[in-house]
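Structure record follows, encoded as structure tokens.
The first chain written gets the first letter, and so on, giving A, B, C and D; residue counts start at 1 in each chain.
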Amino acid sequence: MNKKQHPRIRELKFTLSRIFRNPSAIIGFSLLFVFVTVAVLAPYIAPPKYAHNPYLMPHKGYSQTPKPPSSKNIFGTTSGQYDIFYGAVWGTRTAFKIGMFVIGVALIIGVCLGIISGYYGGIIDEIIMRVVDIIFAVPLLVLTMAIVVAFGRGLDKVMIALALVKWRDYVRVMRSSILTLRELDYVQAARVMGVSNFTIMRKHILPNGIYPVLVMASMDIGSMVIVAAFMSFIGLGAPKGYADWGQMVALARNYIVGPVDDPLKYWHAIAIPGACIVLFVLAWNLIGDALRDAFDPKQRRR
Amino acid sequence: MTTYIIRRFLFLAFVLFGVSVLIFSILMTFSPERRAMAYVKSPQQVKDLPIIVKQLGLDDPFHIQYFRWIRQVSSGNWGYSFVAAMPVWDAFWYYFPITLELNLYTIPIIIIFGIWLGTVSGIHRDTWVDHSTRIFAIIGWSLPTFLFALIILMFFYGYFNVFPPGIIDDGFNVWIRENPDQFKRYTYLYTLDGLLNGRPDITLDAISRLVMPVFTQVVVVVAILLRVMRSSMIEEISKDNAITALAKGADHHTIYFKHARKNALIPVVTVAGWLAAYSMEGSIAIEYIFNRQGIGWWLANAAISLDLPVLMGICLFFGLVYVIINLILDILYAYIDPRIRLN
Amino acid sequence: MSKLIETIDLVTNFYTHEGVVKALDKVSLCVDHGCTFGLVGESGCGKSVTVRSMMRIIQEPGKIDGGKVLFYPGNNGSETAIDLLQQSEATMKALRGDKISMIFQEPNSALNPIMSIGEQVAESFLFHRKKEMSQQILMDMDASISKANPLKSILKALYRLAATRPEALILKLFSKTPLLKSWENRLHKEAMRRAVEIIAKLSIPHAQDIARRYPHNLSGGMKQRIVIAIALACNPLLLIADEATSNLDVTIQAQILDLLKDLKQKVISSVLLITHDLGIVAETCDRVGVMYAGNLCEVADVKDLFSEPRHPYTRALLNAVPRFAHEGELESIEGNVPNLVNPPSGCRFHPRCRDAKSICKDAFPESTKVGNNHQVACFLYTEKSREKS
Amino acid sequence: MQKIIELKNLKKHYPVLGGVFRRQVDAVKALDGIDLDIYRGECLGLVGESGCGKTTTGKAIVRLHKPTEGKIVFYPSEEGTTAGTDIAKIPLNALKQLGIRSKLQMVFQDPTTSLNPRMLIKNIIAEPLKAQHLFRGRALEDRVMELLNLVGLTKDHYLRYPHEFSGGQRQRIAVARAIATNPDFLILDEPTSALDVSVQAQILNLLHGLQLKLNLTYLFVTHHLLVVKYISHRLAVMYLGKIVEIAKTGDIFSHPHHPYTHALLSGIPVPDVEHKQQRIVLKGDVPSPLNPPPACRFHTRCPFVIDRCKTHEPILEDIGNGHRVACHRQAEVEKLVHDRFGKRSSDNKAI
């Protein structure tokens, strides 16, 4: 052990070595790295045609039949002649936008309420948890649909609706991890020392109790993209022509079966955006799986 | 034990009440005119909207409207569905058997398969069995239901031309509608009714159209159950009472299947409620893609055409399903765990 | 006295992510027939690993990497020794709980929370006494004067088979099939009767009622009695008690120690007692082994050990233990218990030893005889070290 | 001698919820009327089995638990001139503002759980100083270093995480943290029971040294009578939420007057081979504090029970020399024990 290093760096290195001991972490983070690169470099990989709205997929013509890959459209075109390559590249940005926004907002609400509810207990806890119980009773997709219908269509509405529903999961997980932490000796010791409640939550409870929530959140980024894609697929989310993988699958929906002599003729129109969704979600799930193993308190040394 | 059940019952009644308030609050974000549209049955009536608003008291205070709404809902008046072109209550009973049929086949398969796979991979931890179920689980968990359904449809229906979408062959459908006396709808489940009416060909056709939806659902949902079962099995196997049993002279088979598995099922029961809800949720995408006119299909189409009463009704329905499933699970829980049963 | 069980150079390692934990390094000890052997040491010194290795119930990621465990089931000496590490799992299964049984530290977790007490005790009989019980059932059936019917004769045939060949395929088939497996009902009932009997034997009041209860509504002391009942069900030759009283209160511990002492006189032949409490050793054991960091330092009769401790660690330990008569400050052992991933070279105690010499760092001290039945693994007592100094 | 802490009829009842609406149906009587004086500069040992309320007493004094009833009077000044403050009911903020928080500190049982695994040692020890705004900047660092030296650790240990230490070292860190604010009074909640025998002595000696050096008062909570013998001046024995006997340590060991103390003393296995005395084995289990037996709580297990024990509750009586016992038969107990169980070890000083 190198003593010259700052202990925090040493600890970080140790944690990273634990995470990357797991092959699924390596695959997951490499996939994520590719997606991040594509998202960041999107304007260079696929230069936007409409400067005012780069998310709009360019299309030449209005023919309903998808076209196979060619030198002009390297991934071919989908129904309505939208360029699949462009959609796939800019769709990465959309996916990150959805995942990060929904999970970010849900995490902030969920973690804050979870800490308050778990740490203070009593009547506040009772109220928060009963509200969560109620929201839990309706499946995520159904409740989101209802809210989207109430707010009106659009990708932004879908994102807000998802965030408004998703926080319920984090409150429960956060609260249960705090209920155990609250009774631990080091939290009690801090109380004896006269440390204020806020500092106890910030320094003792949050750093030790957030890991289960983080693991869950990393997996949920993927599943939120799935739900948003389905909403776009049925037409509640992104408007027509928007670079969104779910939307692109929807465009190709009527062409899953090709002409009689070549039933798989239009496979690319579904498979390419589909593969993007699956790989994106897979990346987050692999990361979450690796994090869960790495943060498992039972496996921590001593 | 009785106090436990009563407590759970009261709690679930409270949840149901809360869900209704929640749904009604969403409903109230609409302007009174928009809500009045739900009572309009023909285009001619549109100009009478303000009158309808007044008539129905749609601009009254929240609580008055809520109790009026609840009274209507409990008497079966759930509004009118454009998508189904009939009242929501009637439409519900028209669509419900289709969804029920799908889930009646899916849920048992998921439970049996999930518990079995989870047990096996928990026992053979870190072997090829465990690794392959792990990969299977992560892939299943990463596959969007709607996408998986489309790809399945593309291959099996498009390429091999087997397992067509829909509920039943059009020819049968027309025949059934025209001969209600020859084909009695005992259960409204085609697979059962076909047998009861002595028409195995109808049953066979219905089953062939169920195979792909059930398969899709199982692959996507079983992953969760499998992982929970696996980790709780691993935990039980390494517990002291398993070692005590070993020291008593038990063989591994006895420890796994007599000592560990029943204990391991306790946490599984807790996720099972969530699983059932998730499974119902999954049927939305499946019914939409496989063109099965069930609750999910209806919901998706209602959402697209902003058919509000349908959304509200289905939200309430899901709340009710949640409550019923949880009540069953609570009793199951008490049955498995003597610590609850006897306290 | 004749030997009952003996370990020779037992080595057990745990293959963890942080490295290989060398939990046992060449442990050789011997328990005689009729003797109470105490194994003492601080936590993490390998006491539990030793006995678990002897019973071959080491859990992942542990592995027994060498040595022998010789078991002498006969009463008359060494000719019938079997090496437990070479036996098949089936043989071990038959031995565990029958010839050798074990009590664990935590009565709360040792019992299965969702099985009734009676069921858990009865299991021992179902594992090891099937033949005997089948015979008894046959006798009972013959004795009862009810009319013969075809069902009864089938049952009789099955029990006759169970009494002669309990591993017969047809019995397994019957036991696995739903409905048909109800043929075992009488067996279960008989096992339950015996379970209640053994519970009552351990001076537990209302044995019938206790057998029907579940672990969560019994007190800690009661649970520990049940664990003892399970261990004693089949009259084992050797009872291993792994810190059987350390989680109990003083007054309850006194009850359990008393019970064990009583049972030792009446029922059990030999006891291997694992504890970190030197007091318990002094009161209950005939012979003592002291362990430190995976090594067995000293083995002696209990009187010799307490009056004439030889190994520096034993001496230091005895001085560090609070006593009634002691006045003034307690002596402490400086330093800490080593991490067994990188144990100290040579004698594992040398970094904390006051009498350490250079040889202690380089070589592993072999166990040497220093008196009547007294063995020490320390260079202070070997020829080699005497020459050097 | 001046008092530093005085407990007057201290009670702590934990509500037991039940029924359909989770109302309070019963109470666990963890502490049921404790009267105890602790004097400045002494070490008082509080002994009893698990669940007897000894830890609850300690935690009530530092206000980790809010007492149900009774007074906890704290006498802050050295001279003993000022009147005490009742800290049983005052809000926690006021406790901090009055400066009492920093004077009452606690060391917990298990050092693996009492140190936050994600904090550096320097921050762990500095935490109470920061919370009380006592030092800052350079002075804070110096103070932390001083504390580390005081408990026998070095500069090397300053920038490390708790998991890099052994159990004994961790307990040293916990002690350093507890004495950081210059407290007058320390509650030691089984500070050695999670440690190995060889390390236990180190910690006991450290605590003893610190007491002399810093003029501390200890309340040493433990289940092990022999451990506390080395460090405490007086001993209080608890049973089911009550104090049954309290006396100078030597007196408890040589002339215990309560049958329960006798049983506790004889229940400890003694690491001496020659030492043979008959053990007093109490029958049955400790009754549940939910429904403690009426009158004398020990009567269900007492070998010398008489009818009066079942009807009248004995009070804690002074029998001279500060020795107080709560037993109807305290005068004859010694003889009874001798007659029934033979000579007691405490009589012959030989062992």
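By our rule, a contact is a pair of C-beta atoms (placed from the backbone, for glycine too) under 8 Å apart; a residue touches a chain by one contact, two chains touch by 3 or more.
Predicted, not measured: the structure shown is a model, and the values here were computed from it.
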### Query
Between chain pairs A-B and B-C, which one is joined by a greater number of C-beta pairs in contact?
A-B
### Task
Just grab the chain with the largest centre-to-centre distance to chain D, centres being mean Cα coordinates.
B
### Summary
Distance in whole angstrom between the CA centres of chain A and chain B is 24
### Query
Quick one: chain A and chain D, Cα centre-to-centre, how many Å?
51
#### Entry: Distance between the centres, which are taken as Cα means, of chain D and chain C, whole angstrom
35
### Summary
Multi-partner residues in chain D (2 or more other chains touched) are none
### Query
Residue numbers in chain A touching 2 or more other chains?
301
### Message
Give me the residue numbers in chain B that touch at least two other chains, ranges are fine.
### Response
none
#### Entry: Touch list for chain D against partner chain C, complex
49-50, 166-169, 196-202, 204-205, 208, 223-227, 229-230, 253, 263-264, 266-273, 275, 279-283, 285-286, 301, 345-346, 349-351
### Message
Give the list of chain B residues in touch with chain C in this complex.
### Response
125, 238-241, 243-251, 259, 262-263, 266, 336-339, 342
### Message
Quick check: in the complex, which residue numbers of chain D touch chain B?
### Response
18-20, 22
### Message
So in the complex, the part of chain D that touches chain A is made up of which residues?
### Response
59, 62, 64, 95-96, 101-102, 104-106, 108-110, 112-120, 127-128, 131-132, 159-161, 163, 174, 177, 181
### chain C residues touching chain D - in the complex, by the definition given at the top
42-43, 219, 221-222, 249-255, 257-258, 276-283, 302-303, 306-307, 316-318, 320-326, 329-334, 336-337
